[in-house]
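Below is one structure. I have some questions about it.
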Amino acid sequence: MLSQSIKISVVGASGYSGAELLKILLRHKHAHIEKLFANSSAGKRVDTVYPYFTKRVDATYEPYSLDAACTSDVVFIALPSGEAMNIVPELLARGKRIIDFGGDFRLRDASAYPKFYKREHTSANLLSQAVYGLPEWNREKIESAKLVANPGCYPTSATLPIIPLLKEGLTESKGIAISSLSGVSGAGRSASADLSFTEVNESVKAYKVGVHQHIPEINQTIGDATGQQVSVTFVPHLLPITRGIYTSIYATLKHTTTEEEVFAAYTKFYTKEPFVRFSPTTIPEIKNVNYTNYIDIGFRLYPENNQLIVLSAIDNLVKGAAGQAVQNMNLMFGFDETEGLL
Amino acid sequence: MLSQSIKISVVGASGYSGAELLKILLRHKHAHIEKLFANSSAGKRVDTVYPYFTKRVDATYEPYSLDAACTSDVVFIALPSGEAMNIVPELLARGKRIIDFGGDFRLRDASAYPKFYKREHTSANLLSQAVYGLPEWNREKIESAKLVANPGCYPTSATLPIIPLLKEGLTESKGIAISSLSGVSGAGRSASADLSFTEVNESVKAYKVGVHQHIPEINQTIGDATGQQVSVTFVPHLLPITRGIYTSIYATLKHTTTEEEVFAAYTKFYTKEPFVRFSPTTIPEIKNVNYTNYIDIGFRLYPENNQLIVLSAIDNLVKGAAGQAVQNMNLMFGFDETEGLL
Amino acid sequence: MLSQSIKISVVGASGYSGAELLKILLRHKHAHIEKLFANSSAGKRVDTVYPYFTKRVDATYEPYSLDAACTSDVVFIALPSGEAMNIVPELLARGKRIIDFGGDFRLRDASAYPKFYKREHTSANLLSQAVYGLPEWNREKIESAKLVANPGCYPTSATLPIIPLLKEGLTESKGIAISSLSGVSGAGRSASADLSFTEVNESVKAYKVGVHQHIPEINQTIGDATGQQVSVTFVPHLLPITRGIYTSIYATLKHTTTEEEVFAAYTKFYTKEPFVRFSPTTIPEIKNVNYTNYIDIGFRLYPENNQLIVLSAIDNLVKGAAGQAVQNMNLMFGFDETEGLL
Amino acid sequence: MLSQSIKISVVGASGYSGAELLKILLRHKHAHIEKLFANSSAGKRVDTVYPYFTKRVDATYEPYSLDAACTSDVVFIALPSGEAMNIVPELLARGKRIIDFGGDFRLRDASAYPKFYKREHTSANLLSQAVYGLPEWNREKIESAKLVANPGCYPTSATLPIIPLLKEGLTESKGIAISSLSGVSGAGRSASADLSFTEVNESVKAYKVGVHQHIPEINQTIGDATGQQVSVTFVPHLLPITRGIYTSIYATLKHTTTEEEVFAAYTKFYTKEPFVRFSPTTIPEIKNVNYTNYIDIGFRLYPENNQLIVLSAIDNLVKGAAGQAVQNMNLMFGFDETEGLL
């Protein structure tokens, strides 16, 4: 299958991450876009909703239909959390491979959904077969997965920097604090007075402190990769930028450590990773990763307090959503992992 | 009345210009805020809707009622255009003095409302008694007015620079082109996908080209002040800034003119104006006027094309709305014209 | 002296905090601005450097001279850190009262200067008589001080929220992590490629991790107020906004605590403070404090991790610099503490 | 040559447009980057100056040398205006093909350089052989050119919309007014207090009114394409966005015209152009073209004033600089014109 095209459908194609996905797929050698489903924009041409795509995409959003979706090899679901669980069962039953951008299949523990997503899971029986699509730690499982739960933007930015530290025994699993700053596109495309330019511009606020739905996802992902149970303290903030997540992590050193040892930990796990960049000297900045699929990781020891500060930056719409989804697709279909992403 | 307080009510107090008005009145020596009406926020404390006012304003928004409004000496109406016309008649009948922020009483020609505001005027009989609240050109009438139509933000930024040129015969009345750039707060406080941070940030667009409701207002105001009939070409643009309007005016010189003559024209009319600043050398910038009631005016001759370029900057919420409204109130009640505004 | 004017000079008057000071003093009943010293802008009119002040300030920057400064009752020094130490001795010798915006007299331990400010202190003998100008915790000393060291912007945003928690025994003194986000005006007014719009916009970066000069200031201030020795972990970040600091604090609870108890701690110490606002429900946002002298404090328990998250917001140029300096001046001269600041 | 790689050098490779060029060339099938010259950054790795390129570009900036440059097939010059004229003669003498981003070879009239660029031209003899690199109007000449003068960003945004109107006789050649708004990256990468974030953010200003060096370029380009002599009135403004140019054009109709006729004019000339998009309904917005090589053109009749308003948007670093340069390279070397640009 390596040199042929695969047929792709996108459900929820008119949101920001759906549009970003489309942008990436246009540069992908093996992608044939079959159907773009978007109920709210059904009947509208893509270049009417996003004039950005004029002359690039000659297509019209359609209302979702199972049969139409099943003409594809793979279905991306870019719906708000809570909606994928209603269509994934029927798509799986028809043998489709699925990559879901939302949170519906990320948590294995069904009881976490009422608590963090404020709804019961209607397809809890499928949670066990979903593969969490973090390629750096789940590559083999992703390759053969039927249903990939694409990671959240915050969890991607937080778990990739933390996992090597715990695996190498450099930092304590207890007492990890994470301060994350997100651009506004992460909140999706909808009318909301709170997200109007005038409300967001020239300001900053923390939100959903202690109750954000990405908390259990971060804990589960770190736990899976390291075998260590963690309960991170996570505080997200909304920033007046369009794209990008910046994450600052405070971890307690297990014992006296040098910056060389920290660098060695990242080297051990990530030196061959195509989309992880880390440096012993350069502090990450959002502008260095925006419009790319990279995560940049930097760090500083804070020896007087026995602390290690780790900093990361990603583009929330690329490595935090559509780019990582394509990376997963590449793995699932045996393409070069970086195809469409450089 | 000069040294006493007057009682003030605001209808539509929870929008951006209502909030800006409140901010200005807090610094005004003679202002006693009696009632804050806001139907959508009725029952909410002001500092809940705007935490900015915590510890400053101990008040609750109320639903509008005529009797409650009539306990005041002056009623500011900061409603969307089309709503003031429904309550102005009853307030006038009760002898209240009114300053209306919207467009309902700015145009004398009732037939312009269906065309530009997309609705019939329901109180057209009152249009003739409304005074257009541009203090620099209507000061005396404002002093004795019962009903002041506070000017629009774009018209304020455009008419003040143009009028002296026409009065002094420096430029033609024909062929004036106006390119205006506005911050997003001018669009008011509401949920709109088009005004979300992600849609507006890092972009610019023109809008309502040739159909903006401020076109007839600009033409009428210039006509009133100069006796010359004009039909300006006006193009508004939306910018990713919160506050401020920048207006660039292209006018044709009547004859060879020097920059000294242009400066003399502004000097003649504006040298004693407390809120008009003009300079033969400094080009206006929005940052120099934001959070002030000033309009800054600059200009450059473009002699090879027989053109004069005039540039102006105002804060759309202050000189373009609440500040000018307070300037009008000061005139109406015999206070120092700058009270609360420096 | 309460109802008379005092004569004021500003050294370093052409920087951002000098300009903000001027803006505040224009609204201050008892302020007579005597001299504005600015070596780099000497000979230029204030309204040439800052057209914002056109029609408001009719003055020219002068080169600093001791004799000229000594015609004033109080001298504000708004120079970059490292320069005040050269002129404070002569001013004190002439009996002038001084408020220094920079870091030169904030740390009592002279050995901290080479480490954090990269220079020896040339007037270390005066460190012991400087009073740290945090009114909420040093009001009495400030009233009689000759030399006030105005606090840094980050320390103001961090120490005010932390001190009550430690004094009430709610949180551990060990393991406090502080993530602070600053607008760009905090970096001062100068030509720097790193601070150009294109470099800063749509990005975020951490900087000076573990080596920022405000670290010892935060530790000293908390120590002085609480008697508890602390060593905070502090990470500052640069944001694409002009003004404002947002600080997120992670502290470990000493024992099970309710949000009511946290609220009670702030109430105990700050309920009468004119510029401290705190709430058990509202999360601070920069837009609520910008252009004001307030600090807003909010908090959330994170009980599963035994953590308390505290959030604060200030305007770095007002409560973080010029506003707090005027608050100090008001205390030193017996004026109403809020004069010029509301 | 169609399927092979060409060797490329870039002089001035460390500026913003040099970096953007590098980004585009990384996606170009036939581009082999040979040398990156940058005197100020010589000796530094590309990914040190631009961490964005980490893992993508393994190269070091070198000081310019003629011999080193001559190992390439084509030399891009991305130096500030005034510097290319010193090296172009020697490169041409060695038979190299050159694409110059700056203004040095755009104007045929040598006497315009002292007036608009404030310097004498030192290689005026070469002006006649330079080809102005606007592919839509000079495609054939570009294909065989030795020296291509890549158009300025403002002229690209203004001439492409205007030329068809004049060629079709829809608008007068006299009295064209152009209001252009530019992002800050257009000013290049350098330390300047005027371009610092704090100075630019939340503001707008016009600049170089009537004296901007792009005025003669706009006039010459329109004249060349239409045979009509024009003298446009051009006012550039600086906006707080990183990328993008928005241009609003005011033209006088020759006779009553319909929007269909305007659309037909654009269709006639641009329907086959790969990078020109135009619409009878959609108003351009910068966000639709940023990070692309497209120009978007929209328009509205303003019949009461006999005016046509035309609006355009480009990315100043792509269609306004590096993208158009690659489009020119594609033409010069017989590649698909869109290679690397979609």
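To keep things simple, chains are lettered A, B, C and D as they appear, and every chain counts its residues starting from 1.
Keep in mind that, in the parts below, a residue touches a chain if its C-beta (ideal position, glycine included) is under 8 Å from a C-beta of that chain, and two chains touch if they have at least 3 such contacts.
As the structure is a computational prediction, the values presented were derived from the model and not from experiment.
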Most remote chain relative to subunit D, going by C-alpha centroids? C
Report which interface contains more C-beta contacts, comparing B-D against C-D. B-D
Need the CA-centroid distance for the pair subunit C / subunit D, whole Å please. 46
If you average the CA atoms of subunit A and of subunit D, how many Å lie between those two points? 36
What whole-number Å value describes the gap between the mean CA coordinates of subunit B and subunit D? 39
Would you mind listing the residues of subunit C that make contact with two or more other chains? 199, 202, 240-242, 285, 287
Once bound in the complex, which stretches of subunit D touch subunit C? 16, 184-185, 187, 189-193, 195-202, 240-242
Subunit D residues touching subunit A in their complex are 26-27, 50-52, 54-56, 202, 274, 277, 279, 282, 285, 287-289, 291-292, 294, 296, 342
Of subunit B, residues touching subunit D in the complex: 175, 177, 179, 181, 199, 202-207, 209-210, 231-233, 235, 237, 239-244, 246, 248, 250, 252, 283-287, 290, 298, 300-302, 304-305, 307, 309, 311, 313
